[in-house]
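Lettered A, B, C, D and E in written order, each chain numbered from 1.
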Amino acid sequence: MESMGSHREIVDASLAIIPLCPLVGAMVAYIVGQKQKDLAGWIATAASTLAFLFVVKNFFALGTNQVLLDKSFVWLSVGNFSIDFAFQFDHLTAVMCLVVTGIGSLIHLYSVGYMAHDESRPRFFAYLNLFLFSMLLLVLGANLLVLFVGWEGVGLCSYLLIGFWHKNIAFAGAGRKAFVVNRIGDAAFLLAMFLIIMNYGSLDFMALSRVMPGETSEGLATLISVLLFIGATGKSAQIPLFVWLPDAMAGPTPVSALIHAATMVTAGVYLMARLNFLFEMAPLAMLVVCMVAGLTALVAATIALVQNDIKKVLAYSTVSQLGFMFLAAGAGAYWVAIFHLVTHAFFKACLFLGSGSVIHACHHEQDMRHMGGLQRVMPFTAATYWISTLAIAGIFPFAGYFSKHHILSALEHAGAHNPQLFPWGVPLSYIATFAAILTAFYVTRSAAMTFLGSYRGHAHPHESPWQMVVPLVVLAGLALVGGVFLEGALSLQHYLGHAIPVGDVHHGESMASFSFLLNALLHSWPGFLGVGLALFLYTQAKEIPGKIARAFGPFTQVLANKYYVDELYGAIIVRPLEGMARFLWKGADQAVIDGSVNGTAAVVEISGELIRTTSTGQLRHYGFFMFVGTLFIIFFYMAL
Amino acid sequence: MEIISLADLYSISPLLFLTLGAFGILIVDVFSKESWLRASYTSIFILAALSFAFQLADVAAPGKTAFWDAIYVDSFSIYFQVLILVGALLTVMLSHGRIAQEGVRSLGEFYALFLMSTIGAIIFVSAAEMVTLFLGLEIMSMALYCMCGSAVHSKDSAESALKYFFLGSFSSAFMLFGIALMYGVSGTLSLAESAAVLSSSNSGLVPIAVGFVLIGFVFKIGAVPLHFWAPDVYQGAPTTVTAYMACVVKAAAVGAALRVLWTSFGSDTLFGIWASAVWIIAALTMVVGNLVALRQRSLKRMLAYSSIAHAGYIMVAFLAPHQGGGSAVLFYIAVYTAMTLGAFGVVLAVASPHSSEPDADDIHRFQRLGYRNPVLAGCMTLFLLSLAGLPPGLAGLLGKFYVFNAAVQANYVGLAIIGVLCSAVSCYYYLRVIVAMYFIPKEESDSDSLAPLAPVSLPFAGVIGICAVAVVTLGLFPSILHDGAQFVIENF
Amino acid sequence: MENTSYFLGIFPLLTTMVFLPLVGAILLYLIPGFSGQDEHTRSRVTWFTLGVSGLTFIVSIACLNRFDPSVVTAQLVERTPWIERFGVQYYLGVDGISILLVLLTTFLMPIIVLASHSVKTNLRGYLFHMLVLECAMLGTLLAFDAFLFYVFWEFMLFPMYFIIGIWGGKRRIYATLKFVLYTVVGSLLMLVGLFYVVWAYAAQNGGEITFSLYELSRSVDLSLSEQIWLFAGFALAFGIKVPLFPFHTWLPDAHVEAPTGGSVVLAGVLLKMGLYGYIRYAYPLFPQGAAYFAPVLATLAVIGIVYGALVAWAQEDIKKLVAYSSVSHLGYCVLGFVAFNALSTTGSLYQMLNHGISTGALFLLVGVLYDRRHTREISEYGGLASKVPVFAFLFLVFTLSSIALPLTNGFIGEFLILAGSFQEFPVLTAFAVTGVVLGAVYMLTLYMKTMFGELNEEKNGSLTDVTPREIVTFAPLFVLVFVMGIYPQPFLRLMEPTVHQYIEDVSRKMVKVGSPIEEPADGTSYAQKSGGNAARAQLAFESFNVERVKPVANSPLNFEENL
Amino acid sequence: MSTSSYLTISIILFSIGTIGFVVRRNAIVVFMCVELMLNAVNLAFVAFARHHGSLEGEAAVFFVMVVAAAEAAVGLAIIIAVFRNHRSIETSDADHLRL
Amino acid sequence: MNIFFILLSAIALSSALGVILMRNPIHSALCLIVNLVAIAGYFALLNAHFLALVQIIVYAGAIMVLVVFVLMLLNSKLEEQKSAGLFMLVVSSVFAVMFIVHMSKIYGAEFSTSGVASASLQGTVANLGRVLFTQYVFSFEASAVLLMAAIVGAAMLAKTTPERPRGDGERV
């Protein structure tokens, strides 16, 4: 295997400016926002755009076989252990940064429109910029610890933004849930870091990529990888830690688009891509990743089938799509995972923003049963939503097709790459295909229920302002052509090949050839199937879904209730812990521990009182005690 | 043959002055009824005695005796003479104006007895042979019995006199029995001479003799199991007398006990005999004194148990004759005198002037003292913390430092641990007084405790001040006293 | 004494620092104004105290200025005999272990004074005790003579006793007595242990007696069983103060009942003294005993972390919650220290500072709420974020610092501790890491319940946001949270050489020739090692990181040379 | 007669006095018990004095008598004072000070 | 000699028992007088002639008269036997018996002879006087203070002060 970094040229660059832009933007936006609320959004947008520009600058500055490095300052140095607050910018980072800042800027712009009437919008934009800052730390960090700073930072911003409308305690609770569940993953992440520190004494990516492959036993690598993956399941909403993401829809929709679709939740995928050399050494861990990811993709897709809240559908869709990414990563095709990450960012952001546009239009109505026929009043939104739907459905030539196709083929060939995966690759690809059909189905279902038919709500929908439409259009455009561009023009595989192992780069077929087109259309069959079925059921045979639902009554209930996972966790983890906390307080702490402290005091006091009763005030008694005591002491301590 | 030499007389000059004062005041009493006159008259004689006691340091020498080997004229006896006289002086200052309020009517007799008791105490610590020692003890006690009952119309005072008298006589008989056995074994009553005989004797009487003599001291020191008199008597007696008992009498008893135990019974074999007994007595004393004090409401009774407990600490140091125990005792008893006298002084100031009231010195009388009289309360806090051994009561802490340090060095670690645990327990009841003085808000306090305090007279304030200064000074610069104590012990 | 001239020859900076507050406390009573109740007197008294504590802070900065981090022993030493016969000295000094704690103390005190305006009764007395407390705390930190340390250690009780007792809540008397008695029980046992050490030293050194820490730890030679017993005594005394599970129950009571300033100083500095005692006394004096008990302490620390967090979660009183969170946080500190390698020990020291800042700030915040509403019940609040946004913001920041979010100070400490201790106690540390999750649970639950949700107009409608004065109070803490989180290096650099040398010295003594504890001295994989033994710290230190650090041959503790 | 005979009598008398002190409640009887104990000791002193052929013991007895006389004066005065305040010379009635 | 001793012992012991067993204090006092006289007899047997005389004069003559006087004065009733303190009696008796047995064993072993009684050292007035005024001169003088203290104290305690007169019935 190619050892990364060893023959890469390290170039000093000032990368710190990239995350600093949104950080400063956050402060300025908040402070200025106190006086000029409207200005806050524009400042934040400008800051993120500026960051985007810096990223673009570095993107072009980055030559092949180069990595840009910015050792800002020594962060922590104890003994021989030293960590710099350092940033690195390689091809992987470049892609991630472009996505983060690019889509981030678009969503900022969108938010200007979306949040135009919110009282606390300076706070919102400050948080949003802060999120960008953290996310940039995450992707730019040159070592695990800086990455971890971003990792936790995005968690915090996610928490703050989910609970943005904190007057609703349920929203605040959703934020807390997100943070806590993320923290569970983070704890595993920490342990993984400790193992790395213990064994290698460094957290630096480049150093690790040099040191690790030679010196690591498979067991250790597996342990670290699994721990890191647990961290990733938290952040990227995989089973078993995916429960927070649907609840996270409590936040404003741009937040869902940016954080819970395009960027933050993909951090886990990025982590795996970044530490590919580690995961490569742990085939067993890869198997675990694949299994979990496949299961997640399937489970989330099934849940999404029956959701009526438009954002919930998209949320479960995100979980499912993240599963796809991890499938790719687990199969060893990191670049495919990144590819899907990017395309997913395009179309899922677009979907979310579209749903936001709809919600905005329907006065914060999120239930699709109260929508319908909206494409007449909101043509732009509808069009972009449909494009993204087709993209996520994986229909050629939309962006989703390419990445999904690569995922499936990577799975099929996974066995060759990783012997542990040998018997599993193909079944996994079947599962993924099935999940893809479901994906196409439920997304189309949501689009159909929202935009087709007749309006079933009571509001007066209208098209959104231009600030919201422009990002929609841009993203839809990316969803439309992004795949072709990345596959062809940029050749993401080749590009990422400068930073991570990508396997054999195929330059063979031209995309323009007829066979390719035919092949591509054929391979789009799951998309067509799902889209077609959904269109049929939700436009032509509207009574059938109800019948199916009734026919599979209990199963539908299970799906509608998300497999009762929340309830399960509540019953086996949260409530027992709460009960234990109360027990420890009342039972252990107050009764036993404090009881024994006070009990000791009481024993002392009571024995004092007992001894005190000898002071009867009676002369005879005193004489008696004196006499007996004297003889006792003389006999037992002196004479005998 | 000259029966009494001038040198002999010089060596008891403090006693002569005190005797002169004791008889003189009875005459003064006939002619004047002024309270202050008698108090200051007494003070003058004590001061004179004190100055001569200091003078005696010039003639003192290790093992030097006077009056046919009846009394020692050594630095040890001078140290205790000074201590006793200073304690007596402070008590007299404390008594001025207060003693009459406490129901003592015959002031002339009272001060005469006071001086005679002091005489007894000095004889007690200076005695070089057992009969003198016993006489000293009896003079001190006899006068003290009467002083306890001097509030003739107070039931408590009479009761305390009764108990003190009977239990005191009872224990004197025990001690006398021990002296008789000592005499029986050694054929001599001299402390120094008997030491040699006793240590070489293998008589079965020796442990019993040692035991009974020890018991006599244990009673006066107020240690378990002969402590029962202390709380009752301390509580019932007029507070001035209580202060005197707690400080001067205890100091004298400790001095005499140390002298006898380390002189007559100082050999290794004899030490082996009494060490285990003193061990158990000290342990029991610390435990009982501290535990029983926990729930006392009467301050005087509480301080009585506290003084029992401190007797226990002091006895711990008895066990370390060669490890600095002697200087520890000397330092501790001086510090103890200062802080206990101070504490009793404050009790005297705060307790109801009508001592016949059942709760005259109840702890609730101290409520909000910190706001009613901050200075007094501050001093009390200092004394209490010092008794508890908590900084800023550094003197008490250093006392414990010396004592337990000596104990640990002498390998009595177990006893030291018992001691410190008890000392920790003791914090509770000392701090409880601080709770009353500071922590009770106005609305929760008993209304009658907010009654204004009687004005504090100048000598009275002086006593409190001197004690406070002593506690602070000895805490910061313990060497002032401890070097002296070390010198005394080296010239023992 | 030759050092006496030294003492007189140079301006005694440390003495000035220690006793300046005490002098100020006495002078405080000379400020005119009857009973200190009228507004005018109150402000004069406050300003005066602020001046004194500020001056003390400046003096401590001056000490920092003269402090040389590369010197690993006591600096700015002032020594003069106190109880000459027993070798007790007035011996002050500062080294890399204590310098930051000293600064923390002097730094927090002006803040506490600023926050004292909520004290309604007898402000003068309150400030008096605060200054006395500062003197005691600084003395404890600076004492290099064991008995002097003990005296200051006990001296801390007195003002705290009054602060809780007079200005505390309903059950203050119970709480304050419990606090004092509990501490005293432990510390008196320690005193006996100290005597034992001193006499053992004297017996081995021809009767020469000393209480000087350096001399004792350098040349006293105790058997393993002696060390075990003595360490147990010391560990109990310090463990109570920390407080280590299960000796922690005084803490919630004391915290809940204490006035705001009392809680701040309790959490901020006093609790640190327990661990400081471990570092300064228990470990150097009884290294083998320490090694013997290290697994026990680590287990207790981890139990404390998890247990404290869980119990905090169940609390209904804000202050009690924060108090239990202290139990949890101090558990980290102890764990870090007993793991005893450079990483974890540095982290432990650092975390002590962090805890002082973040928990101190949290107590101040609770105090702000309490001043306005006179209740600390969580259920009484809710939705405050919309009513008092600045407050909510500050609360958030310190909450995040408390749950160790990266870029706040808490993260640095926790990370170093856990990363270091993982190498010694991997399994225990894995349990400790659950505290990271639970910490988020209880703190965010608290935050959610108080700050988020519908505002109860009836109860909290009239709440006012933080005043400028309060903002001034919080500002330094706020800044430090981020400075110490983003750029910890200046702080770490101050302590690192000393800690380095310290660990090397102590861990060398943990393994001794002929000691019954033996372990092959090649530890390549820490994870394989289980249980505790004397060799571990040595191994951990030596083989920390890939390249080994060779023990400096024959290096005595060159303390005196540096004086 | 051998010295031990006297001493045995002495110790028996001493013990009787002690028991009397413990069981009797009339203050004057208690006082008499103390006198009995002192006398027992006196007897021992004199016996020892003869045994050793020294007069110190007899001198001691002389002083013990002085003490006994003083005790009689003081003790009876105290009993009178108690009677004046308590209207009783039962020692068990003087138990106001306790616990 | 033996006869006298046995006789005296019988008297002494029985009268001593009488002191503690007689319920009437007057009877106890009379028993004590008998006992004191018996002890004087012992003194005589032990060649302490001076002490024997003083014993009778001071003790039996002065002290006991005072005691009986006070007894009559206070008109003390018979002692009630309602709480006999049986437990204390038994325990202290057991201890006392143990004590006596233990002591008499030692005495028997160590003091079986009658000592070195020499004629010159008989407790005559002259001999004793010499000791008292040389070796014990300090104690002799000190006993003056003791007696003075007793007198002053007794006077103070027994007299009723005019400042706060009580009812006549209480005046003694």
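The working rule: a contact is a pair of C-beta atoms (placed from the backbone, for glycine too) under 8 Å apart; a residue touches a chain by one contact, two chains touch by 3 or more.
What you are looking at is a predicted structure, and each value in this text was computed from that prediction instead of being measured.
Asker: Could you name all chains that are in contact with chain C and with chain E at the same time?
Answerer: A, B
Asker: What's the overlap between the neighbours of chain A and those of chain D?
Answerer: Both chain A and chain D are touched by B, E, going by the contact rule given at the top.
Asker: Just grab the chain with the largest centre-to-centre distance to chain C, centres being mean Cα coordinates.
Answerer: That would be chain E.
Asker: Any idea which chain sits dead centre by C-alpha averages?
Answerer: If we average C-alpha coordinates per chain, C lands closest to the whole-structure average.
Asker: Starting from the Cα centroid of chain A, hunt down the chain whose centroid lies farthest away.
Answerer: E
Asker: Quick one: which pair of chains has the most contacts?
Answerer: D-E
Asker: What's the distance between the Cα centroids of chain A and chain E, rounded to whole Å?
Answerer: Those two chain centres are 101 Å apart.
Asker: Would you mind pulling out the distance in Å between where the CA atoms of chain A average out and where those of chain B do?
Answerer: Computed from C-alpha means, the inter-chain centre distance equals 78 Å.
Asker: Report, in whole Å, the distance between the mean C-alpha point of chain A and the mean C-alpha point of chain C.
Answerer: So the centroids are 38 Å from each other.
Asker: For chain C versus chain D, what separation do you get between their C-alpha means, in angstrom?
Answerer: 64
Asker: Quick check on chain E: which residues sit in contact with 2+ other chains?
Answerer: Correct list: 85, 88, 92, 99, 103, 110-111, 135-136, 139, 143, 146, 149-150, 153-157, 160, 166.
Asker: For chain A, which residues are shared contacts with two or more other chains?
Answerer: Those would be 612, 615, 617, 619-621, 623-624, 627-628, 632, 639.
Asker: Could you say which residues in chain D touch two or more other chains, in rising order?
Answerer: Counting only residues that touch two or more other chains, chain D contributes 7, 17-18, 21-25, 30-31, 47, 49, 51-52, 54, 56, 59, 63, 66-67, 70-71, 74, 77-79, 81, 84, 91-92, 94-98.
Asker: Sort out which chains touch which and give me every pair.
Answerer: In this structure, the chains touch in these pairs: A-B, A-C, A-D, A-E, B-C, B-D, B-E, D-E.
Asker: Going by the contact rule set out above, which residues of chain C touch chain B in the complex?
Answerer: 82-86, 136, 147, 151-152, 154-155, 157-158, 161-162, 165-166, 172-173, 176-177, 180-181, 184-185, 188-189, 191-192, 195-196, 198-199, 202
Asker: Going by the contact rule set out above, which residues of chain E touch chain A in the complex?
Answerer: Within the complex, chain E touches chain A at residues 85, 88, 91-92, 95, 98-99, 102.
Asker: Could you pull out which chain B residues touch chain E in their complex?
Answerer: Interface residues on chain B, with respect to chain E: 1, 3-4, 12, 19, 22-23, 26, 66-71, 105-106, 109-110, 112-113, 116-117, 119-120, 123, 131-132, 135-136, 138-139, 142-143, 145-147, 149-150, 152-153, 161, 184, 203-205, 208.
Asker: Going by the contact rule at the top, pick out the chain D residues touching chain B in the complex.
Answerer: It comes out as residues 7, 14, 17-18, 21, 27, 30-31, 34, 37-38, 40-41, 44-45, 47-49, 51-52, 54, 56-57, 59-60, 63-64, 66-67, 70-71, 74-75, 77-79, 81-82, 84-86, 91, 94-98.
Asker: Using the touch definition from the top, list the residues of chain B that touch chain D in their complex.
Answerer: Result: residues 130-131, 134-135, 138, 142, 145-146, 149, 152-156, 158-163, 165-166, 169-170, 172-173, 176-177, 179-181, 183-184, 187-189, 231-233, 235-236 of chain B touch chain D.
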